[in-house]
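Structures are listed in the sections that come next.
Both complexes shown next keep chain A, but they swap its partner, so chain B is in the first and chain C is in the second.
What follows is the complex of A and B.
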């Protein structure tokens, strides 16, 4: 019986919040990685996704809808991270948490890393976004560490991330 | 997400040379299929897509929502000879295609697509106007080739 999806690690933010969630020592034994994030933070919907403590060579393309219009941008051209959207913030309705799914194929290869990020933060209010995002890390290193960092304030208590490894055999 | 037989790798290939097409067959017994592409296209940016059961007739259509970092748009193709799923180039790109209820013999077949590549991020829906169960999938670029080192993996999802 194939065991395609394997939970590698998970993290839930405790009382007092946290600046980020990190997954370290990710084994190179899987084909792809999948991260499922449920989170809320300070007054911004964006969060930063970085690999191996690198703060260079990232690019981001966003396609987003806010309930009235569709737009595309490059996250201001930031190169220090894949600047994703999909986290509720303190301007959103209380108790709402955004949902984001990150898919990283061939994360252990020597190719540049192409990353899918799909995020939503619906809260029956304003500052609502649905985002489809293309991320690229122009680095040939195998990914062994992933950081999910709040772009404003801290990730609040009960924010969580689950990292799965996917095997193709 | 539950581990186990629900989500099963069926076939995977890493291209050892540039290829004009990649074919999958022998995938019976599942409810849905998921195809993961990660790789590049030779020469330059190119659209690519899939055909089913060797059908090269004008039986495919596709609707896309896309962005290029400065503007967003939507387009569609209709009565095409291939289901357009993706746009890729010489930079590493990713496509994830979900084929729902691919084996039924009653309805036309649809698939949902997420694609990053060629300077675009997109989501698409594609339609094959056939009630035949899908027994083979051929992926091919319109103009160039899939480049050496590109990977394709097909997974099967069983409802029970």
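What follows is the complex of A and C.
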């Protein structure tokens, strides 16, 4: 059970927007990592998570609800990233941001890295998108870099990401 | 030119740099892959809606009437 949360680093996008937020030189001194994302981008809700500049060996399984139906899919079988969902887009309510949590247990171990992502979007008071996602990076390297990449246009001003390290003792 | 924010967790330094040509190419490939995924999903939803509409037509019911029957 995690009993410590330490803010490792954070970033807020400036007025020009940004395609990616990248955390580099992540110390291997924690047990797990947690990223809290609040973001808005172009015309869709997806974003890509990649580690250590690798663009291979990822898989994604999603469970998605939109307020009236539930669906499950594998993000089209994409292997270049964990294709996550949870960023507000231009078709959703104006001036709102999607909220997403990314949890990466045992990120510095020599096992494959499992990831869970939990994200929500609100759309004009009529729809809600909830996404629960299980990702896997089939690589034994310790994670020392995380890239959060917008899938449509750029992350808008005030989008933010907070990276926490968690120790189990 | 799109940019990225890089945060060095050891030093806390944040820099904003332009994407490389390789990163732009990867980004375009990802966008195309996402578009394909979205089209496939939309096609699946459209096929499901057509099946539903065909059944209702065979039964001679409107969608609201079907909903009333099932409520």
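Note that in this section the second predicted complex is superposed on the first by the 162 of 169 C-alpha atoms of A that agree within 3 Å, B and C clash if a C-alpha of one lies under 4 Å from a C-alpha of the other, contacts with A are read in each partner's own complex, and residues count from 1 in each chain.
Rule of thumb we're sticking to: a contact is a pair of C-beta atoms (placed from the backbone, for glycine too) under 8 Å apart; a residue touches a chain by one contact, two chains touch by 3 or more.
It should be emphasised that the depicted structure is a prediction, and the values quoted were computed from it without experimental measurement.
Engineer: Evaluate whether chain B and chain C can sit on chain A together after superposition, giving fit or clash.
Structural biologist: fit
Engineer: Considering only touches as defined above, state whether A:26 meets chain B (first), chain C (second), both or neither.
Structural biologist: Only chain C is touched by A:26; chain B is not.
Engineer: Can A:106 be said to touch chain B (first), chain C (second), both, or neither?
Structural biologist: After superposing on A, A:106 lies in contact with chain B but is clear of chain C.
Engineer: Which of the two partners, first being chain B and second being chain C, lies in contact with A:152: first, second, both, or neither?
Structural biologist: second
Engineer: By the touch definition at the top of the document, which applies to A:73: first (chain B), second (chain C), both, or neither?
Structural biologist: The answer is both, since A:73 touches chain B and chain C.
Engineer: From the CA centre of chain A, what is the angle out to the CA centres of chain B and chain C, nearest 10°?
Structural biologist: Angle at the centre of chain A: 110 degrees.
Engineer: For A:11, select first, second, both or neither according to whether it touches chain B, chain C, the two together, or no partner.
Structural biologist: The answer is second: A:11 touches chain C but not chain B.
Engineer: Identify the partner contact of A:122: answer first if only chain B is touched, second if only chain C is, both if each is, neither if none is.
Structural biologist: Once the two structures are laid over each other on A, A:122 reaches no partner at all.
Engineer: How far apart, in whole Å, are the nearest Cα atoms of chain B and chain C in the superposition?
Structural biologist: The answer is 11 Å, the least C-alpha separation in the overlay.
Engineer: Please write out, lowest number first, the residues of chain A touched by both chain B and chain C across the two complexes.
Structural biologist: The overlap between the chain B and chain C interfaces on chain A comprises residues 73.
Engineer: Can you tell me which positions in chain A touch chain B when the two form their complex?
Structural biologist: Checking each residue of chain A against chain B gives 1-7, 31-32, 36, 61-64, 70-74, 103, 105-106, 111-116, 118, 132-136, 164, 167-169.
Engineer: Touching residues of chain C toward chain A in the complex: what are they?
Structural biologist: 2-12, 14, 16, 19, 23, 26-27, 29-31, 33-34, 36-38, 40-41
Engineer: Show me the residue ranges of chain A that touch chain C in the complex, using the header's touch definition.
Structural biologist: Against chain C, chain A makes touches at 8-11, 13-14, 16-27, 44, 46, 48, 55, 73, 75-76, 78, 80-81, 83, 149, 151-152, 154, 163.
Engineer: Can you tell me which positions in chain B touch chain A when the two form their complex?
Structural biologist: 1-5, 7-9, 12, 36, 38, 65-72, 74, 91-94, 96, 114, 116-117, 119-123, 149, 151, 153, 155
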